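Two complexes come next, and they have one chain in common, chain A, joined by chain B in the first and chain C in the second.
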Partner chain A sequence: MRHHLLLAIGPARFRIGSAWRGPIDALRRLYAAYPQSSQDDAVADFTVRLEPAGIGRRWWRPSVRIAGDHHLPDAVPMALRHGLLAAEMGMNLQMALGWRRHLLIHASSVEKDGKVLVMAGESGSGKSTLAALLGERGWRLMGDEFALLDFATGAIHPFPRLVSLKNQAIDVMRREVDDAARFGPLMAATPKGDIAHLIPAAEAVSRMSEAAPPALLLFPRYGHAPDIRAVGEGEAFMHLTQASTNYVACGEAAFTALHRFVTTVPSIALDFSSGDEADRMIGRLWREYAG
Partner chain B sequence: MTQAERLYYRDDPDEMLLRPLDGLTLIYHRPSGITHIVDSPVPEILAALSHEPLPARLLLESLSADYDLEGEGEALDNLAAHLEELCALGLARAR
Partner chain C sequence: MSAALLASLLRAPQGAGRLGARDWNAVMAAARAERLLATLAFRLEGVALPDPVRAVLDDARFDAEREKRQALWEADRAAAALAPLGIPVVLLKGAAYAAAGLKAGEGRMIGDLDILVPRDRLEQAERALLAAGWEWVKPDPYDDAYYRQWMHELPPLIHRERDRMIDVHHTILPLTARPVPDAGAMIADRVDLGGGLSILSEEDRVCHAVAHLLADGDMAGGLRNLWDIRCLLSDIEDISRLEQRAALHGLAQPVARARRLCEHLFGRGSLDLGMVDQMFVARLLSADGWGRNGRRLLGQGFYVRSHLLRMPPLMLARHLWTKWRKGHRPA
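Let's look at the complex of A and B:
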């Protein structure tokens, strides 16, 4: 395609092509610290293409269709001003539908003391914001969207893409990160609400090939009075199979890896009403279970 | 054929991977790739099944030798219902 970029995030390499310059320039800036290439012959795991949604749509009310190795046929085209979000969604989609080298769990993860805290939950549970917050408070951000569980070793591999901040989380992180250059443009009223991307802290990127063993699994739930409750292995297993996009595709290896995960890693449900409160609760849990 | 005459069996003991999980049992069924989470008495029934086709009545005798089962008539009905469910899931076979 006319504009393109090869980008490595954790173990995955993406070739992103676009009919427009804007989304590629935005990616080049926000992913400046990540390995990049514009070489045509560089090898990628996945291709993402941002195409005009119809004839003439490249110039007239330009709309972006996300295409690539894997795609959802019913996906609605997005406005070009949301092209950066379309590129990020396209990369997520390729991972969710095509990645087979690890068990892919829809969860955020952070690392401290060589051990990983994994946070799983529905959209809106606060797992991404908590990971972003902890990533500025002494933890290494490993990923805000996908945790990659190694079939052989049981370790979690980082996938530290840009943190996708939604709605109130944008202001929460603007108060936390005193560096406007680490934020992408505010994209208002997207299909997912207001979105702004945050570049992870330098350590998250420089150590993005370093895996570590999981020590604690949390199921956070934002908007509730503070509470913690132990989650049984069966319940954790069920939640994680639902939170994995490739559990079925990866077969017996996924079964064995996930069984090992839930029987060796304690699981806790954590209700919280603010980031500071969750930070304190997680600190106590971490000392108890991973200290 | 009546249900009492149906014979239940398992094709290959290696077609399932069973793992304990917090009082429950996880089953990975290799031919289908489906994971099941089951509670007692399903693992015990699966353990009692072999490649030799047997009626529910004889399977109940075998299970009774190892487990304390109350009310023979009710136990047989319950076992037959479980066996039919296992057949429907592809975890057991009948003829």
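Let's look at the complex of A and C:
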């Protein structure tokens, strides 16, 4: 393809090709601190393609189809002005459908004192924003989208892609991070709402190959009066099988790893109504369970 | 096109030592697009490879192993559902290669379960599968009627708990196609595998794979099917028996073409191919280094051909008109 880039995030390497220059330039800038190379120098785990959605759609009302090694047959094409989001979605899709070297949990994760806090929940639960917030307040951000659980050791591996901020979370993080250069362009009215990307703090990127054992699993829920509730092992297990995109594909090893995870790591459901409140609650829980 | 590099690696795995990063990126994307990545992984067993290449190939093999396990379980379930009828259940394609441990099954991705049953027992087989949990997936009455009147198989069924598809064939080509294979002879000469399952004879396996690739369909993913044929041909002891069998099924010409294409792409030397054969080769090798079809126009030509093979022009016109009114547009 005319424009392309090879990019490493955590343990995975992506080869991203695009019919347009824009998305690749945006990736180069926002992922400047990550290992970048060309397809001539390194072998990728996955190929992502951003291609015109139909004849002539490279120029006329340019429209991006996300394709690659793994793709969804009826994915809706996106406007070129949302090309950066398309690239991110393409990479996420490869991980979700194709990654086999760890159990993939749809969860955010942050690390402190050599131990990992994993936050799982549905879209809108606040797990991504909380991870971004904690990543600016003394924790190391490991990932806002996927936590990679090691089959052999039970450790969590980082996958610190750009943090994808949606709607109100954009303003929350703009107040938190006093550096406009760490934000990507605001993409208004995408299929997922307003989106802006945040470049993780330098330490999150420089230490992206350092795994650590999990110490606490949270199920955060934004928009409720503050509350905490213990979650049973069985319930946590069922939630995580649903939150994993490769649980079935990885077979028995996935069952064993997840079983060990829920039987060795305490699980708490956490309701909260603001980031500061959640930060304080998490601080108390962390001292209690991981101190 | 990178598919040519893929074909040459399948033919001569030792060539892998000369490949650089750019070649690997291209050949693995093409192999993934052609559903041949795990097959390539098997072929490259024992060849020294860069670590990142080995990691991707190991993942592909892992997926192929799981697919094989699932396919064998589906075959077992179908055999159990059909056992009370006392009819032969002949496995076709991927599930057959896996069940019999054939070379063609090594690393092969297996999608649906394909079985062949005698045509006069088709209704009974359908009832038994419905009773065992399989359900219709073609709600459109035109599609359903079309399958039943003209196709070589029942409309596809999906199991409601396991979400896996089964295609129940009563012959190997649509009834509207020009060649009329002798399905009765295929079933009569089956090879028993035990457990209520059997597969086609060596010669009939080749005939079926060839009919599927060259006498039906638009050759999308055709390189994988040609690789199947190449492996199945290597199991043939007496080539004259294959020729006789192909003639019986009306497939002498397609089988001869498949042998030429195999020899050219996977054999010892390049044959002096005629123009039509060269078009087939170009179509088979159209995956580029990004996993795209690099020859769209040729693909569309073969799409038109597939419909002309499948039915006479007047019938095709009526069929396309009906599908158009229902909102279907070719991809």
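Convention: the second predicted complex is superposed on the first by the 289 of 291 C-alpha atoms of A that agree within 3 Å, B and C clash if a C-alpha of one lies under 4 Å from a C-alpha of the other, contacts with A are read in each partner's own complex, and residues count from 1 in each chain.
As a working rule, contacts are C-beta pairs under 8 Å (C-beta built on N, C-alpha and C of every residue); 3 or more make two chains touch, one makes a residue touch a chain.
Everything numeric in this text was worked out from a predicted model, so none of it was measured.
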Review point. After the chain A overlay, clash or fit between chain B and chain C?
Key: fit
Review point. If you stack the two complexes on chain A, which partner ends up touching A:Thr241: first (chain B), second (chain C), both, or neither?
Key: first
Exercise for review: Quick one: classify A:Glu233 as touching chain B (first), chain C (second), both or neither.
Suggested key: first
Practice item. State whether A:Gly223 touches chain B only (first), chain C only (second), both chains, or neither. Key: neither
Practice item. Check whether A:Ala44 is in contact with chain B, with chain C, with both or with neither, and answer first, second, both or neither. Key: second
Exercise for review: Classify the contacts of A:Glu252 with the two partner chains as first (chain B alone), second (chain C alone), both, or neither.
Suggested key: first
Exercise for review: For the superposed three-chain arrangement, provide the angle chain B-chain A-chain C between C-alpha centres, rounded in steps of 10 degrees.
Suggested key: 60
Point to revise | First (chain B), second (chain C), both or neither touched by A:Gly138 | key: neither
Check your understanding: Just chain B (first), just chain C (second), both, or neither: which does A:Arg13 touch?
Key -> second
Practice item. May I ask you to decide whether A:Val262 touches chain B, chain C, both, or neither, giving the answer as first, second, both or neither? Key: first
Revision key, fill the gap. In this superposition, the partner of chain A with more touched residues, chain B or chain C, is C
Exercise for review: Please provide the least distance in Å between a C-alpha atom of chain B and a C-alpha atom of chain C in the combined superposition.
Suggested key: 7
Review point. What residues on chain A does chain C touch that chain B touches too?
Key: 251
Check your understanding: Given the complex with chain C, which residues does chain A contribute to the contact?
Key -> 1, 13, 15, 17, 39-45, 47, 49, 51, 67-69, 98, 100-101, 249, 251
Practice item. Name, in rising order, each residue of chain B that touches chain A in their complex. Key: 17, 19, 21-24, 26, 28, 30, 33, 35, 37
Check your understanding: For the complex, which residues does chain A have touching chain B?
Key -> 232-234, 237-238, 241, 247-248, 251-252, 255-256, 259, 262-263
Check your understanding: What does chain C use to touch chain A in their complex?
Key -> 20-22, 24-25, 28-29, 32, 50, 52-53, 55-56, 59, 62-63, 66, 290-292
